[in-house]
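This is the structure I have questions about; it appears just below.
As written, the chain order gives the labels A, B and C, with residue 1 at the start of each chain.
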């Protein structure tokens, strides 16, 4: 009896430890994100003391407006930081969902061809249709959804196994990339520059007007993802176990993937395909949480932190040139993943 | 009586004074007008516009370039001391730097086909549109002639307070007119001479249509016989030829796009380059493609062309 | 049976080679082709096209096609991953970055200049991927290789993008190289890469037994006396030589390394001693075939082979994935 009692209390204690760890990690990540946003608001080529920044932030409430300062803080820096936050969160969510549903660490919108499809659609819009600005973003979303539908349909044979989905996705990504390469050789160099600039993923020129779809998407789909995510854990045990546990596999999988695709395409439409954020957020979050479970919110926070941080580095650390954030996220994300591989392998968890 | 006349004159003088405060206004090619209440003196320009205005005496406080300054042909040879560079890659204007400079005007060229000013085209989208919240933008229109464009820059410079009679400006213009006369004479002396403007890549030979480049239109209007390709691309500027078909057009003189040194090297590395008789005979020279914006650069380019024309055998190909 | 099939394919290859010399953007009569090969006149344009454009191009296509087919087969066998192709190990990203650096920093502008740069970049990237994947207990397992490859590719691509965004001239040159093409590949290029391709092909054909062993799984292979890590490293090196030299010669060409081994396997089954020769012959058939299509489909210009192989290869690959049962990782 005392043995059972000890076992029960140790399970409860263990669970509590895990909950505490989850809370610590999440709060810690949130604080990092806030700190990065504060940096983004105060650092810049336009000299602004912190006091002035705060005054500008409060000006909608206090009515004390200073046109020049407000333009910089509220018109340039704040929208950029918020865009980084929302896009990063959307990419992070999308990535962790893909990786969980498809049970494959390689799976993420970047690799499975979703963002490549969005990119190709955008390049077509820029180079062949000579479109500009918002219509390009619309084209990107359409491209992402079309290619996702294609991938799903093509990998359906009496059901969709995650493995086949990933394979078809990689094939589609290669086609999309080839189309982009072809268009690059046919276009005028200025159009190629435009396309390249969009393709690298950038927070440049972010405004609040652009954020509408993304903000709305996160508001609606974020909670939806959270609801759908819980049964996903049972999917990780394999289809048979999941069936036994009563989950309706196909519907849940499809629904969650759809949410992830829409999140990724809205984010891509807003800032372009920022590399590696979707791919790396999930593994980073899971590493920090250990066995503490639900990686959804932490992955979103990791995505936001990486995006905002990368943008800061891209803007300010390279002397005269300003680079788009996507260049740095690729490098950061890759380094982080390499570190994870090395660390995970050492502790014996293998690939 | 004189006292009251004098008083009336004074009154009139005071009344008229405010109306004499300097206003500045400019209408661009689309008919849109920009008006400022003072002559702008803190101007941020696109690189090509700077190349047009700096030799005329108007210096910007900052310029934005589509590529690193060292790679921009239009800025070569210009003295850029004291000018801030606020963008060195396409679509990347550092808006905070610009805001810190407190500009009162942006100047760039208007491209009718893109329906945009340089630096504010499409994909740049809202990126650079934000600069318009700091100051308005205007500028001359890209058209069928570089000479006309330079003329537009002269008008713009004058309205900004330039002295077009300054010795250097006058000298540059005189040099250009002298070079132009020599060019016209050389072309007239060789009525059978044909020329072909090209760009060379490893995948093929690209032949340019005269109507696609303002300086080519100038050359044609001065008598140079340019071969026109059967254009294929959607904007009508280039025909792409496989290197197997490189001998489709046989000019007496080949004009090679000189924005990058790599173009000439790539051309020479292709086995079929010499199937163009002019290339085999060495009758090849530079085509200053798309970057000429002032009399000095134009004079230099014309002199080079003139020398090549004078040295060429006009009956190489009939 | 398999030998018979190989002979049929070799005849097919000969037919493709014949077409590659006789068909092109400029129509040339067979008589002229014959004259060019047997009694060339030095200033005849058509003869020069045959000897200086089509012949080197065909030879390069032969060697590169064989190399890519073999490299793909080897990598798929060594990593037991049916998705493996030379790009997986970061080869293409490494080659591209090195070429971009060469253009941007050293002002190298000719194809022969690119060759050594591409080779160097491919080698460095692969070493990097291998080292990363080997960290930890189990050494370089297939999954870790794939992840390491993805990580290295992303990192190198970031740097490449950074450079391309700040230098228009570099972007203007690389966008043509990056598509993968046989145009402009002259005898110089052929002599530069032929030794490596030749060496690689010969070595590759000897790896059949090793790959058959690895295919059975690491434990079984070890039980049968094979030194698993060493074998995998050796075949990896061979694959890198092949893929590196191929990318150096033609730029990154998609899909050949990925799809050819699957086609070969459909005919020969999983036995590598047949799979490799079949891959070696099927590769050039696809590559030269795609090149020929590219020459005639967009007159008077040409379509680069990298585009055509993707257009042909990708739908085929997808159809293939749908039909076959594939082993999981």
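Things worth noting here:
Here, a contact is a pair of C-beta atoms (placed from the backbone, for glycine too) under 8 Å apart; a residue touches a chain by one contact, two chains touch by 3 or more.
Note that the structure is predicted; figures quoted are calculated from it, not measured.
Of all chains in the assembly, those touching chain A and also chain C are B.
When chain centres are defined as mean Cα coordinates, B lies farthest from chain A. Each chain gets a centre from the mean of its Cα atoms; for chain A and chain C, those two points are 33 Å apart.
Separation between the centroids of chain A and chain B, computed from CA atoms only, is 43 Å. Shared contact sites, meaning residues of chain A that touch two or more other chains, fall at 185, 193, 197, 321, 324.
Counting only residues that touch two or more partner chains, chain C has 165-166, 168, 172, 176, 304. Shared contact sites, meaning residues of chain B that touch two or more other chains, fall at 66, 88-90, 92, 203. Those residues of chain C whose C-beta lies close enough to touch chain A in the complex are 82-83, 132-133, 135-138, 141-144, 146-148, 150-152, 154-155, 157-159, 161-162, 164-166, 168, 171-172, 175-176, 178-179, 254-255, 258, 303-304, 306-307, 310-311, 314-315, 317-318, 321-322, 326, 328-329. Taken in their complex, chain A has these residues touching chain C: 104-106, 111, 154-155, 157, 163-164, 167-168, 170-172, 174-175, 177-179, 181-182, 184-185, 189, 192-193, 196-197, 200, 275-276, 279, 321, 323-324, 326-331, 333-335, 337-338, 341-342, 344-346, 348, 350-351.
Note for the complex: chain A touches chain B at residues 44-47, 68, 71-72, 75-76, 126, 130-134, 136, 185-186, 188, 190, 193-195, 197-198, 202, 204-207, 209-210, 320-322, 324.
Here chain B touches chain C in the complex through residues 66-68, 71, 88-90, 92, 201-204, 232, 239-245, 247-248, 259-262, 265-266, 269-272, 275, going by the rule given at the top.
Partner chain A is touched in their complex by these residues of chain B: 66, 85, 87-92, 94-97, 99-100, 102, 114, 116, 121-130, 133-134, 203, 233, 235, 237.
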